[in-house]
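Scroll down for the structure; my scribbles are underneath it.
Chain lettering (A, B, C and D) follows the sequence in which the chains are written, and residue indices restart at 1 in each chain.
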Amino acid sequence: MDRPGQPDRPREACGVMGVHGHPEAANIAYLGLYALQHRGQESAGICSRGGREGEQFVHRGMGLVSDVFGEQSIAKLRGRHAVGHVRYSTSGDSTLRNAQPFCANTDAGPVALAHNGNLVNAARVRDELEGRGAIFATTSDSEVIVHLLARSRQPTLEDRLVDALSRLKGAYSLVMQTRDALVAVRDPHGFRPLVLGQLDGAWVVASETCALDLIGAAVERHIAPGEMVVIRRGKLGALQPFPRADCGAFCIFEYIYFARPDSNLPGGNVYAFRKELGRRLAREHPAPADVVIPLLDSGNAAALGYAEELGVPYDTGIIRNHFVGRTFIEPAQTIRNFGVKIKHNAIPGVISGKRVVLVDDSIVRGTSIMKISNMLRAAGAREVHVRISAPPTTRPCHYGIDMPTRQELIAADLPVPEICASIGADSLGYLSLAGLRDAGGRGHCDACFSGEYPVPITADSSPPQISLLRESSAAAAAEG
Amino acid sequence: MDRPGQPDRPREACGVMGVHGHPEAANIAYLGLYALQHRGQESAGICSRGGREGEQFVHRGMGLVSDVFGEQSIAKLRGRHAVGHVRYSTSGDSTLRNAQPFCANTDAGPVALAHNGNLVNAARVRDELEGRGAIFATTSDSEVIVHLLARSRQPTLEDRLVDALSRLKGAYSLVMQTRDALVAVRDPHGFRPLVLGQLDGAWVVASETCALDLIGAAVERHIAPGEMVVIRRGKLGALQPFPRADCGAFCIFEYIYFARPDSNLPGGNVYAFRKELGRRLAREHPAPADVVIPLLDSGNAAALGYAEELGVPYDTGIIRNHFVGRTFIEPAQTIRNFGVKIKHNAIPGVISGKRVVLVDDSIVRGTSIMKISNMLRAAGAREVHVRISAPPTTRPCHYGIDMPTRQELIAADLPVPEICASIGADSLGYLSLAGLRDAGGRGHCDACFSGEYPVPITADSSPPQISLLRESSAAAAAEG
Amino acid sequence: MDRPGQPDRPREACGVMGVHGHPEAANIAYLGLYALQHRGQESAGICSRGGREGEQFVHRGMGLVSDVFGEQSIAKLRGRHAVGHVRYSTSGDSTLRNAQPFCANTDAGPVALAHNGNLVNAARVRDELEGRGAIFATTSDSEVIVHLLARSRQPTLEDRLVDALSRLKGAYSLVMQTRDALVAVRDPHGFRPLVLGQLDGAWVVASETCALDLIGAAVERHIAPGEMVVIRRGKLGALQPFPRADCGAFCIFEYIYFARPDSNLPGGNVYAFRKELGRRLAREHPAPADVVIPLLDSGNAAALGYAEELGVPYDTGIIRNHFVGRTFIEPAQTIRNFGVKIKHNAIPGVISGKRVVLVDDSIVRGTSIMKISNMLRAAGAREVHVRISAPPTTRPCHYGIDMPTRQELIAADLPVPEICASIGADSLGYLSLAGLRDAGGRGHCDACFSGEYPVPITADSSPPQISLLRESSAAAAAEG
Amino acid sequence: MDRPGQPDRPREACGVMGVHGHPEAANIAYLGLYALQHRGQESAGICSRGGREGEQFVHRGMGLVSDVFGEQSIAKLRGRHAVGHVRYSTSGDSTLRNAQPFCANTDAGPVALAHNGNLVNAARVRDELEGRGAIFATTSDSEVIVHLLARSRQPTLEDRLVDALSRLKGAYSLVMQTRDALVAVRDPHGFRPLVLGQLDGAWVVASETCALDLIGAAVERHIAPGEMVVIRRGKLGALQPFPRADCGAFCIFEYIYFARPDSNLPGGNVYAFRKELGRRLAREHPAPADVVIPLLDSGNAAALGYAEELGVPYDTGIIRNHFVGRTFIEPAQTIRNFGVKIKHNAIPGVISGKRVVLVDDSIVRGTSIMKISNMLRAAGAREVHVRISAPPTTRPCHYGIDMPTRQELIAADLPVPEICASIGADSLGYLSLAGLRDAGGRGHCDACFSGEYPVPITADSSPPQISLLRESSAAAAAEG
């Protein structure tokens, strides 16, 4: 949840919101996006529908939800229905044009679409559509859905959406707003979360339950893999246009890293799961320790679980500076462990003379954890034992998480002992894949650890290299 | 040329630039747009092509050329080829998305397009394209050209452009940039200007000669109605894919009002034409005057011609404040003749005790000229005779000029004597339609005066009411 | 009046406004500043007084009046009294801190001050005040007045102002707002203008009459040199605290160049004066010409006078682009006569084959006029005769006009024939000093032409090099 | 450390930095301010000194350090010496003019000053200075120091600073930069921290050790109460111009709330102190609990201490949203517990069916803790016992902490049982004043708890109501 300024960690994908039938639909969507901000900080947008003539109103901008929206822009988003989106580009460039929701006119009426996930065959479908005369306005893979919607000859937009999605492979949890309905759908594997709730008689759809909690909505249920929910004039209908895939493939990384700890995913509460991983990690890799400390805030829950399991004291040996901006002007004369110091500082009194277990949820390049390890020793730690509450990350994600490339993943190349040496730890232990699966992670997509990709990845599955067009980076605060 | 802050005058349409084969193509395009700024102040954009892999680079923004472009954005527009655009919306909303050039990928390669003019059947074609699955990213009528280009099955983009334009009716002077060529084309009636020039071995296309003058390019010739010029690898080919219409229909309003006085249009120099109108106006409507004064700067040339013809002194009786911004905060307690005073002030010494002839090029609502007339009387004018160097404007333009609506045109409803009374003048004289045509305006489109529209206007010719989508007006300085 | 983007012309100084007893005082001051914008484009500010407790409210910002003020900022400037200022730095750096009016608390109450002019002994007084513990917040010479006000032991702020000004030498036309009065005062030589008017029972003070015209105020009279006007509770009192200097020294450059042509200065209307200079110029330096053209807009009036006097046709041979921004990105491959072309373009039809007289009001470095001359020849002029409606500018101004330095003034070093050669003209004629004085310029300060400085300039009169502090140039749109 | 968006908690005061003799002085100061950001988020500024002629360079702006400074502004701050400041207004308005460091010229040379603390007799001294002609440019109480410096007749700026401070009462930890020295001084009671360090041969002064940690400087020692340190040409001299007050008065609130947990204050490490408070709190107010949870992050350390002392499990029952902006657009139809939900959410799995102890460091109005308590019960808590690791806050701070007013402090009016009822807790326990003092808080200023003010507060000690001037709130991002 604390990724800005932490360049060597996976970044988020996207978050979506849908509101149907609430007098303050846009405001509710805005608050929901606020709670989903951890899922994407690059751009935010809301498209509402209503007013006297069922018009759509849209406001999108680059940056955080709180920067993009103000009282005026919310007020202009009239109507009782809305869809919203926060984005961190997993494919496509980072420009205002790519900000979602996408809004378009089709001969079946106006449509607005917000998508979380990554389509593995988007590049090929896009090529084919361009070959048939489609003009793409963005470099985002999500735009293919809009074009397929527009070209489908099915009568209704719901039917067209089924038609479109049947052509696409990969991960999608999406919400669609039509002239008279809100549609929410998850791919057959159910890679990404999508949850349904109710608020004052209105229906709400969100990526995570934490968004429902903030707006005071009651959680109804998770939308099932392959399920499509259609809400029209306050009535909810549920379809199963796509058969649920044999193997469930909910993203295990949502539990380990992505989702907010207070969210409940289909398999249960995130915080509880993380704590359980810590307990299993302790059983798999106990360490002769005087104190267990988390790397705040990502290692928090697992460290508590680890400490409880071993009966070793848990303490806060490293504190975090919460005022971390996106960039720092580093002096030419480099400061030791600079990058990590901007954000973290050790408390010697907690650490000095002790055998310290440091718990985190992942190692990417290994640079940060090495600097933290140095910092702990400089603060007097006698031993530093690093424990990671997940297996080594060795593969990229093709379903919507912006992972570092293989070259950047230290575990893709080095065996654990060499990683341990390179980060300067006295010992290093990763939770085993079996341990992860036993903890409740069975039936999930754990391809980034196991290499077992539920949806086959072919040559053209790489993030689409769509356009020769390079848009220059002029500051575009917001577009409306 | 001085229209900002003058709300009851016609506003400009668009200006286009094309550069082929110059090492500083984007910078040349930028300067050309600078000179064409009077044709559109809403947005500006340039798309260059080149670099190592023939990529396209684009930068567009809302506002004046000098606000949209800076050193950095120009530097990013690499390559030896460029097309540029300044825009005043004649159709479509005023948002960044509508800023041109339009850039797109087609299966015949990338394309960038800049359009000046208005297509009378755009709305119908757009409906039809949407019915066949096209997704429009803007509300501009020009986007239909891009979609037709993409859907054409002709092999080359030039052929496709011919294909596309053969489906469209109305006014277009446009430049298109493809992977290896610059294409410039005018509609068969030749409504809008487009001129070809050369600079240091490079080819340049611009809406007006004043753009060529600024960059030091030599004027080659005007592109003919229905002609298409294709420049590829430095070689120029000229085609006539569309037969020139029987009647030429170059817009007479370009001469009277739009174009910069230093520009040479197909029929000759603008300033000279305006002065000639003044001379004819003097012969048609002489006034017993002591002094002839222009309404700066729009009546300048005609006033000089009028004064010369009658042998009456020309003088500057009204001066202009050149620091006029877009908005003023008017006090609640209204100031007499406020609107016009922000911009104009009389010089009593020139006017007092005199019979004054006030010359301008048009009357729209009549409010401004009435206030000016009051101001002249307050400054001591004995008589105020208003002379207009064009016939009464009674009809809207369907070919790309953002005219006031019929309801706003005082001459659409009132005969001249009543207009005279309503503006408080001692006499009022308009140049006759015959006089205008004799002055060299024969063979032009003068539909706004005569009602004789060269391209038939059908029910669906009204500016396309394209979208129910309303984008809110968040400030978007530039997008790149 | 058209100086932005014209780097080699003198720039303006400052304009001031005062309003006493009007329900919309700030709005009136704002409009007045609007009309005075030509006197300073660097910063603008208004300080109003009123509300329930006689508070002062202030809003200042960098840039044009229309950029600095909006509806909200005007609304916050409550009260029935206001003073305003537009500034072009003649001394002091260009930062927000220097924006006027200055507002301060003294033990005689709050005070706000707006100053036009330059104090020749400011640096010495400032040194002395700093030696006695004064802390200066700005680098402007005007701040010394505030400190002297604060340190004076006179009982009232009017008395203190007299006390302060008696210590200062140079040029000042200033307005001061106290707890209950508006005070306006001119230095004994009366270098800068200051005029008194009435509007709906309120009193208004402004630098030029054009400000009164815009707001619809009646001109009462010019404030006399050495006079102080005190307006309290609607009553006006006039004092003469400083004896009027033996020689009047109103700045002749205000007539020739600075003031708006529609303004009436103490000696009469500006436009009429300029035209008379043109007539005298014609008599002193007739030219065998076919056409007389002005360099728009600065040479306008003089060119008309010149043409009338000789009976030669006046015409517009050079037009101006009114959309000129502050900066241009020039290509590396330089364009011929680039600088001047951005703003001016010749109309060959007016010039070709003719003997042309080009009239302007001054030559500074000579670069622009040389380029214009080239441009005229390229447009076919047979001969180019340059006529300047003022004597050669050879000296700097110490009283508030931001003149180029001696090194930049071509006439400071070269005799007229050499200037003529260097600008490439066939002949060059300047109005003589005697001619200028006969035209009505007697009893004025013409030191920039004659070197006769009415107030002695000593070693310390140079613009004060006040501070070692350099403020970095972060963009500060406005401060309030 | 996490105060933005938490309106009912005390806000920070200020942080100061000084660097002497480092080639990248401004960059070092910038990073130090980064680490001190928790002490003030309203404005930031740095004044450097050096360059060829010993000039001062300054850059100040509104907002966070990361927003105010960029590569360019840092690059402009040349020289080997610098002072810096982050500010949260404890007195004076919130405008750019009040941003520190203050820079001024005196007849003893240029000076820059950064001040943390509040002067209790500033208003009176200011009145007196204004009576003697001083002009104040800001509404900050710190400016009186500058004026006293400028008016002192002592020869050097150090002597003048002693002279100035001897006139002032209250809290000050300040750094002053002169033409050739860096001076750091603390008031005789030593209310605010100030620590001395070394980095690569340069001297560094900072409000807290965490700033030294980030830049990799070694901590030398805390500057003593009443001590003045003068660093000139790399040499450090220590003086004791003011006798240390009989009673030490270091602010206990720095330990409890203000300082970063990783900082070491004169009495020891902050985190360790907070944990000890939790342990004592457990002994004074044990609760029959199943789980102890902190209100993140303010109650973190105390909750761990409390849990350890009682042997009850510590867990994270409430999580924090780290993407909290300054404002939220709340729907008209209010959401239950809205304010607190934006930032906090409960994890039912941790809480449900349990007797929960919630630990925090203070209660101000009681509104937030009431909403948190409701949230815990809604999440299934069987009992909610609130424990506060400090005594009830009943009095305002006069020495530099921006406390809520008495009316806003719930404990100022209500006895503990009534507070308990009003916040809906099953029990409420505050640490006793004796407990706090025993924990190491003896010899500190604990006036906000005890009412024992070390420096007497007289009628004029209230935050100075300095000026009738109201500056309007135009956005001023930065000034340079």
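The rule is simple: a residue touches a chain if its C-beta (ideal position, glycine included) is under 8 Å from a C-beta of that chain, and two chains touch if they have at least 3 such contacts.
All values reported here derive from a predicted model rather than from experimental measurement.
Listed candidates were B-C, A-B or C-D; the one reproducing the A-D interface, defined as more than half of contact pairs identical by residue number, is B-C. Rounded to a whole number, the gap between the C-alpha centres of subunit A and subunit B is 49 angstrom. Here the CA centre of subunit A is 60 Å from the CA centre of subunit C. If you average the Cα atoms of subunit B and of subunit C, the two centres end up 36 Å apart.
Within subunit A, not a single residue touches two or more of the remaining chains.
In terms of which chains touch, the assembly is arranged as a closed ring, every chain touching its two neighbours and no others. Interface residues of subunit A, counted against subunit B in their complex, comprise 53-59, 61, 72-73, 76-77, 95-97, 103-107, 110, 130-137, 146-147, 150-152, 466-480.
Across the complex, subunit B is touched by residues 1-2, 23-24, 27-28, 30-31, 34-35, 37-38, 41, 64-67, 69-71, 74, 200, 210, 213-216, 260-262, 269, 271-272, 297, 300-301, 304, 308, 313-316, 319, 321-333, 335-336, 341-342, 345-350 of subunit C.
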